[in-house]
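Presented sequentially are two complexes of subunit A, the first with subunit B as partner and the second with subunit C.
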Partner chain A sequence: MVDQQLLIDEVKKVVSRDDVKYVIGYKKGTTGFTISPAFAYSTEYADKFIFNPLCKKNLAAYPLLEDKLPLKREEKEDKRKIGIVAKGCDTRALVQIIQEKGLNREDLVIIGIPCSGVIDYKKITAMFPNETAYSTIEEEQGFYKITINGKVHEIAKEELLADHCTSCIAPNPVIYDVLIGEEVEPWDLEEHKNLDVLEEKDVGERWEYWKEHFDRCIRCYACREACPLCYCKECMADLLNPQWIRRSVNLSENTAWNIMRAYHLAGRCVGCGECESVCPVNIPLMELNKEIEKDVKNIFEYSAGMDSEEKPLFGTFRPDDPEEFIM
Partner chain B sequence: MENLILQKDKLPELIEKLSSNHVLYGPTEENGFSLFKQISNFDELNLKYLLTRVPPKSLIFKQTETLFKFTPGRKGTVTSTEINEEKSLIFAIRPCDARSFKILDPVFEGNFEDPFYISKRKNTVLIGLTCNSPERNCFCTSFDDSPGSTENVDILFTDLDDRFYVEVVTEKGKNLIKSVEDIFEKSTKNDEDSKRNIVTKSVESITRKMDLDGLVPKLDKMFDHELWHNTAQKCIGCGICTYLCPTCHCFDMQDESSLREGARIRVWDSCMYPEYTQHASGHNPRAIRMSRVRNRVYHKFSYFPKNEDITACTGCGRCIDYCPVNIDIIDVIEEVGVISNE
Partner chain C sequence: MTATETNSEMEEFEPNIIGFLCNWCSYAGADLAGTSRIQYPPNIKIIKVMCSGRVNPMYVVNALQQGADGVLIGGCHPGDCHYQHGNLLARRRMAILKNLLEFIGIDSRRVRMTWVSAAEGRKFAEVIKEVTEEIKKIGPMKDIQRVNEW
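Take a look at the complex of A and B:
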């Protein structure tokens, strides 16, 4: 468990630095098991910061999302750093963005959080559909202890753990300026669920499986907006001239979008699960991401977002790069 | 027409009969959530969920509509889409979702008449289902609506455990019931009381409330308040709130063509996207998320009530349930109230 007071103290320290604009972290949400991203501009606000197993949201998308208006005459750009509370997968996203030169390492103050896995919001709300508030939530020896209205519910960790956490290769932050508490022990990795559909079934069965999922897509592009690595200034899906993907919502265009999204993240996806967890129609996007991640690992011995000094996968070329997959 | 009773074991028969001469949509379960689909027998129906993930507005105001087709060249043609007049029926629509059509009607049947919406609306019978146990983010009562309201449906079913209490509200509803009258039984005063008790209990269990008192003038004074910046800072700009909203109705029109033929299509759009307001010149009047988030709130709670005399929100709570970053519209409106009172 992360010591809440340690976290708050550290956030206060960072936010009071002259070279820091604000610190991004988590606070309790308005209702039920929701968690809200929080932006501390002052030490008082830092008191609201928390970290518990519900803090799933990858905050790494925020530094790039900052609203920027054109500067007024004689106005100078605010170049102060952004502080950010980050779990292992969040720091992997930051590393990947830094590798791609989307962010500069020196523009960030990273408050690292060792994480032993997060709770899937869809799973916990399905278990407690009508609860409007909880008081505490803690992890203890393979169980989550959730206190609701004074009553403690003990639930086995695997029942609530987000699927992508079982194959997490970075429970501890890969970069940080300060670490809250002790590093956690990495756990035995499990393969992501349902990868056998992509690996063992024949093309016909695979298509049937994905057809059903893509048919349901409403093309809200929430998967793209939630993804910390989907930060292109102009997304191919929005281009009109030429128009690569039509706006009509049907199986053909939906498939084009979903495949394109997955491929653009090849060698870049850090496995944080944001896309799948925000998808309003439950498309198992992580199965695509995880399969590609596995291929990249097997073929190029590369994992995204592990070392900020490394070059991105598609930014390097070796004459002896394997090419068996090229038809 | 008197109110009726339908024994629960007769429901499969009713569904079968109605689906034989109507396109019948009902809530079904797929991949762990609920959605309206065309059904033809009772087994496909799933009444376990309260609200479908995507609201039933998608059945009347379709996400993709082909407006007309064309072929290019000097001998090019334009073929308009035939308006579909088939009779359809939405079974087990919740009162709040039924109310969304009252909000959408002035948009599509007002100054500009939309033939696609109008024909579907006219040819669709709404059979409502009372919400016996509302969800945690339900707040329909803030809009003088009720989980057992008959106001916007043609027929309302209420689950009385072993039977449904059936209120036939409109002419449309009466005509439909007449065709299957023999399945129903007469209701008693007792049934009416049972429904009333269920609705009373249901209303009591709604814990969330939005204070709409004087909201329009309050918002008038707050356009430049920092609240909008603070709210938008955590917005990631996904379109979930607008796509799952039963009253959001913005759309885009595009020509989609290949070499030999093309079509003008209309698709749902979202004011949360920067492209939504992007001008051809490159200028974007809502270039930052702050102005987009603010617009969503103002459109629902200020512009729409000013223009159409009704708030463009039904209190279904979907945007609160599915916002990945906990932008809670009740909370935002509450803050508007607090700031106005300062």
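Take a look at the complex of A and C:
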């Protein structure tokens, strides 16, 4: 559990530096258990910064959204840094973006937060469907203590923990400039829920499973927008010539889109679970991502977002890559 | 497009196979098979690409959507690539793509990769024979058929 005052003090310290433009962090949302991103341009904004187990949102996408307007005559480029409050998986996303040269490490001030798992928003709203506000939420020895209207609810951690957190390989920030609080102990990794059940099925049954999910897809592309690593200026799904994916929403095109999305994150997905949590029709996208992550780990012994000096997975090769599938 | 539903038609099922062959080795190998008059099944429709590393995984997915029952990617033997290592990059991509398709429920035997050099006309014919027979066994691909033709 992170000391809120420590976080606020640190954000104040960072934002008052001359070479920092603003700091991105979390604040309480307007209703229920929501969390909003917060931007501190000066020290007085820093007071509303929080960090609690509800802060699931991966903020690594925000520094990429920075507008680079054309400069006016004799105007100097704003080269100040951006501060960012980042959990373990957020720093992995940042490392991956830095590895792909999407951001420069020098342009970031990373305030690292050791994280012991976050709460799945869908699970907590299912548990308290009618609550519009909470006062505090704390983690204590395997329990979440949630205070609502003066009443304390104690709920076992497993009931609320987001699914992707069970297989998290980096609870502590991979890179940081400032670390808040003590590093946490990594926990025993579990396989992503449902993955081995699916793997045991035969091809036809798996298709029946995915067909049902892909049929529901409305192609809102929320998964793409929320993903910190889907930051291409022009997405292949939006191209008209060649049109890789037709605009119509049907099983064929939905399948092609979902294959494309999952494939483009092969060896890049850091497992933050954003895509799945924003999906309006609850497609288990993390199962696709985790399956690829597992294959990449088994075949190429590679994990995304752990080392910014490493070459991207598909940009390199080894002479002894397996090729038993080749005739 | 072969819409085969009944068993009697199933026996006559002739698969459509799209072959992405690299300009320097596999395509020349196919050429050699032709000039040497080696018989091989006519089910393969060849698209020449400059290198097997040019094959975007979406080519494979789109081919399967648009009526192909199988896709074959042909490249040079490792070390022989005209562009130094294009085929080795393709090898990595296809390994992951095959696993992903298998996981989604599309039989990964539909997507095959082969190394055929310019001198291996006979090997090319054998590969085509093997792929055609295997895809005949799997049956037509109708799960993700593209419906809108515009």
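Here is the rule we use: the second predicted complex is superposed on the first by the 321 of 327 C-alpha atoms of A that agree within 3 Å, B and C clash if a C-alpha of one lies under 4 Å from a C-alpha of the other, contacts with A are read in each partner's own complex, and residues count from 1 in each chain.
We adopt the following convention: a contact is a pair of C-beta atoms (placed from the backbone, for glycine too) under 8 Å apart; a residue touches a chain by one contact, two chains touch by 3 or more.
Predicted, not measured: the structure shown is a model, and the values here were computed from it.
Of the two partner chains placed by the overlay, subunit B and subunit C both lie in contact with A:250. When both complexes are overlaid on chain A, the residue A:291 reaches subunit C alone and has no touch with subunit B.
Within the superposed three-chain model, A:263 lies in touch with subunit C and out of touch with subunit B [touch as defined at top]. Once the two complexes are overlaid on the shared chain, A:149 sits clear of subunit B and of subunit C alike.
In the overlay built on the shared chain, the residue A:141 is in contact with neither subunit B nor subunit C. Once chain A of one complex is fitted onto chain A of the other, the partner contacts of A:5 are absent, as it touches neither subunit B nor subunit C.
Applying the stated contact rule after C-alpha superposition, one finds that A:241 touches neither subunit B nor subunit C. Looking at the shared chain after the overlay, A:69 reaches subunit B, while subunit C stays out of its contact range. In the superposition on chain A, the residues of subunit A touched by subunit B in one structure and by subunit C in the other are 246, 248, 250. Residue ranges on subunit C touching subunit A, taken from their complex, read 57-58, 61-62, 65, 78, 85, 88-89, 91-107, 112-115, 127, 130-131, 143-148.
Residues 29-32, 34-39, 57, 61-62, 65, 67-69, 122, 126, 129-132, 213, 216, 218, 220-222, 224-226, 238, 240, 243, 246-250, 274, 277-278, 280-282 of subunit A are the ones touching subunit B in the complex.
Listed in rising order, the residues of subunit B touching subunit A in the complex are 30-33, 35, 53-54, 63-64, 133, 135-137, 207-208, 229-230, 232-234, 236-240, 242-244, 252, 254, 256, 265, 267-268, 270, 273, 275, 287-290, 320, 322, 324-326, 328, 330-331. Contact residues on subunit A toward subunit C in their complex (touch as defined above): 198-199, 203-211, 236, 244, 246, 248, 250-253, 255-256, 258-260, 262-263, 266-267, 288, 291-292, 295-296, 299-300, 313-315, 317, 319, 321-323, 325-327.
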